[in-house]
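Below is a structure I'd like to ask you about.
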């Protein structure tokens, strides 16, 4: 799956070489035009506008302001906090987005058909629920005064936990909710990969007297490594985006900026108000930042991924 | 870059159009509506099911029935997005004829979006006639530099809701609610110590403010401070009077009776009976009454002040703004605005949505709000403080939203954080000031 | 976690073929049941809360003592749920169909042909996956407005005409397609177009099914773009209807939960009916 990111030329299965033809261009045209019009055009626009000040009104003047839009963003006291939190989100999400699904995928693979299907079906359910709805319901469940979870804690004699209003805990609550929504997706992808492992390999190892754990460690995990790497990669790249809806609905970045991340803070100061300078600079920062990150991850993946074919 | 060229192309066309219309019509709306006209009305109550959509539709259709020549096309726009939606639609050359604008965007729509001042289109006599009977403080809310850009429409003030049962349990007298912030603190501590419930919360700082500084500005004003100087040139939320007011909130937090909580969470905590006092918009009243029904006795008091000084409640809410340059549409829009802010209009708005009537003479009039107010006495503290109403000040310039955010972020850090209040507010003041020129 | 779950399985026994009796692995099942409960609890809570009367909303009781449908009748009166659901179905079906189609075509070009800048173009397409919609939302809004498509379903569909995910996953799975089969088809004189539809597509069913599910769900739940475009409730999608119960002046929880339940129900039923196929299609899709 990591290969999905890398360029197509690596495939040796090309059937027609260098035949000058208009055909490929026709095939890619619909997708290419869509991306050009709806993503790249606005991005180039944003690049130009990020050095200007303008209120978008046709009759208003467009004023060149140099780097000041960028300076305003970097001067936000919360900016660096948001950057740090982005790292916490990514690291915090990995167990829920990768490790738990991996365990579930491997475990359920060996269950009888009925159990396997029931568990996997249930785990997929959170994916179906709209993020805004999921966030609202979780806030209810986690409330310190009337939430179910704290109700259970209270009956067990534990003091209620301020899941969403304690600056030290809130970010983990959001990480958990984001991860909760993701488990199903990751589990399915890992289950698919796991089910596609050649049974003969496992059987052979078993004949050699390998224990269950040894089979997992020496056969399954290495063969799943490219899928795992793919999940790690998309979690790193998209984790900040995935948590966005929950931050907006549950904490608005608070308390004390403890749950804001780079994506949310740029939304808060840029896109949510139509200040063209702020939002264009924010757009460029996000695009370049994640672009560079994606590029380095791709290089890493190419170097370390284990291919079974 | 093609798009930019397109835009500049548009711009010259648009600018020419605006100049021509402005020059041609000597600044006055048509005297009558003698032919059919359609106006668009951007309204945020239409986007809020249960909080005004039905009542707004009802008012609009009543208006159209009375003015058969006018067709009003209501466009639902969420309140938070109103100013930006207006801006983007104007950028796309779709100018609405009249819109419901939240007061924090007033300066922006007047300075940047070409809001039309009523004085420029409506004869003075007619304007005075309509204003008579309306609360003067309310009229002033929509004025900038002596001109009325927004006709105050739906609004509310901060009210101190309190749980009378918790007051009794804590040994307090619910008939004498706190009038000053010191009394709020004493009551909150008593409630917290004796009942275990939370003491106080409000739509002031941190998550509770929900992105708006209207109530917080009221607290600063109550102490003689403010967020912006009178000439709208200098940010003042780092000055001593403001810092002192914010330190009072910090003191409540340090006393363990004021926690940082998202705004909807604190309303629900209040509803669940776990919060003693809640300073929040009067628009919450209906929801709170419903939630408290059968569980505890909910009461309301005026916004607390500092010492002997009377409190300075600010308004949250919106005014109606005309954007149309067409005389006939201006007239139609003005007639709509007059109807919506008439005695009949406010009767529906107050009784069915929950905002305050800007015409106090209808409150005891049996033809209008009389019967409703008898059944809903909780609206009284709100009406009483209407006379002291202070405008929610809008920051000038394009970064007005960012300035408000910086103010709110700093207040959150000052009240609920560990740092020094004065330093935090001073630094934020400087940063916000640097955005004023933009 | 891995070790914990793996532990009860450390026994020498046939690995794949024989079913597990529940009793043999009580620990593993225990963990799975807890995980399942965590996954289901909020959904249960949503449905139960939608049935509670207004003053019992915050009780926190697991099973409501009184059940009422008043939230539903209120929600149905307040927003045009019927037309919103129809709109959402139209948008979701159209977006899914278009993304599958444009993805298939583009992937086919990348796998089958070599052309100028193909690597670069592929990379540029893949990178769009990282571009959050919010970044390009405002310029796109202006474009839509200028095209006169505000308040139309077309504007909800057009920017989602193609997706990087579809292009990438189709490219990936087509690349694993046996070369011999394609060569044989070509020998038989099948043109590029016919090979795509008659040879490749029938063999990509698993991937197509999985992508259909992923795209459909994410379009159904899409929120920010419709929010920007929505002008009249009757021309909006269901997520906007849900949003209408959450305002700056407060949230109406009961009706919100009722509307959310109604919004999730079609997709939930769809899923319950098809869950086996859903899971199977992921297995077959070769996503890995």
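Just so it is clear, A, B and C label the chains in written order, and each chain counts residues from 1 on its own.
Keep this in mind: a residue touches a chain if its C-beta (ideal position, glycine included) is under 8 Å from a C-beta of that chain, and two chains touch if they have at least 3 such contacts.
Keep in mind the model is a prediction, meaning the values are calculated, not measured.
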Computing the C-alpha centre of each chain, which chain sits at the greatest distance from chain A? B
Of A-B and A-C, whichever chain pair has more C-beta contact pairs: A-C
Mind checking the centre-to-centre distance between chain B and chain C? Centres are C-alpha means, answer in whole Å. 39
For chain A and chain B, let me know how many angstrom lie between their CA-based centres, rounded off. 38
For chain A and chain C, let me know how many angstrom lie between their CA-based centres, rounded off. 15
Hunt down the residues of chain A that sit against at least two other chains at once, touch-wise. 41, 45, 56, 146, 274
Chain C, residues touching no fewer than two other chains: 58, 138-139, 142-143, 243, 246, 251, 253
Using the touch rule from the top of the page, what residues of chain B touch 2 or more other chains? 3, 80, 88, 91, 93, 210, 268, 272
Per the touch rule above, chain B residues touching chain C in the complex are 3, 6, 47-51, 53-54, 75-81, 88-89, 91-94, 210, 212, 264, 267-268, 271-272, 281, 283-284, 287, 290-295
Show me the residue ranges of chain A that touch chain B in the complex, using the header's touch definition. 41, 44-45, 48, 53, 55-60, 68, 72, 75, 77-78, 139, 143, 145-146, 162, 164-165, 250-252, 254-257, 268-269, 272-275, 277-278
Spell out the part of chain C that touches chain A in their complex, as residue ranges. 1-6, 9-12, 15-16, 19-20, 22, 28-29, 32, 35-36, 38-43, 45-46, 49, 58-60, 62, 101-103, 105-106, 108-115, 118-119, 121-132, 134-140, 142-143, 158-159, 161-162, 164, 167-169, 171-172, 175-177, 179, 182-183, 186, 192, 210, 214, 217, 220-221, 223, 239, 242-243, 246, 251, 253, 256-257, 260, 263-264, 267-268, 271-272, 275-276, 278-279, 282-288
Enumerate the contact residues on chain C facing chain B in the complex. 54-55, 57-58, 74-75, 78-79, 138-139, 141-143, 145-146, 150, 227-228, 230-233, 241, 243-253, 255
Quick one: which bits of chain A touch chain C in the complex? Just the residue numbers, please. 1, 3-5, 7-9, 11, 13-19, 21, 23-25, 27-28, 30-32, 34-35, 37-43, 45-46, 56, 95, 99-100, 102-104, 106-113, 115, 117, 119-134, 136-138, 140-141, 146-148, 151, 180, 183-185, 188-189, 191-193, 195-196, 199, 202-203, 206, 209, 211-213, 215-216, 224, 226-227, 237-238, 241, 244-245, 263, 267, 271, 274, 276, 279, 282-283, 286-287, 290-291, 294, 309
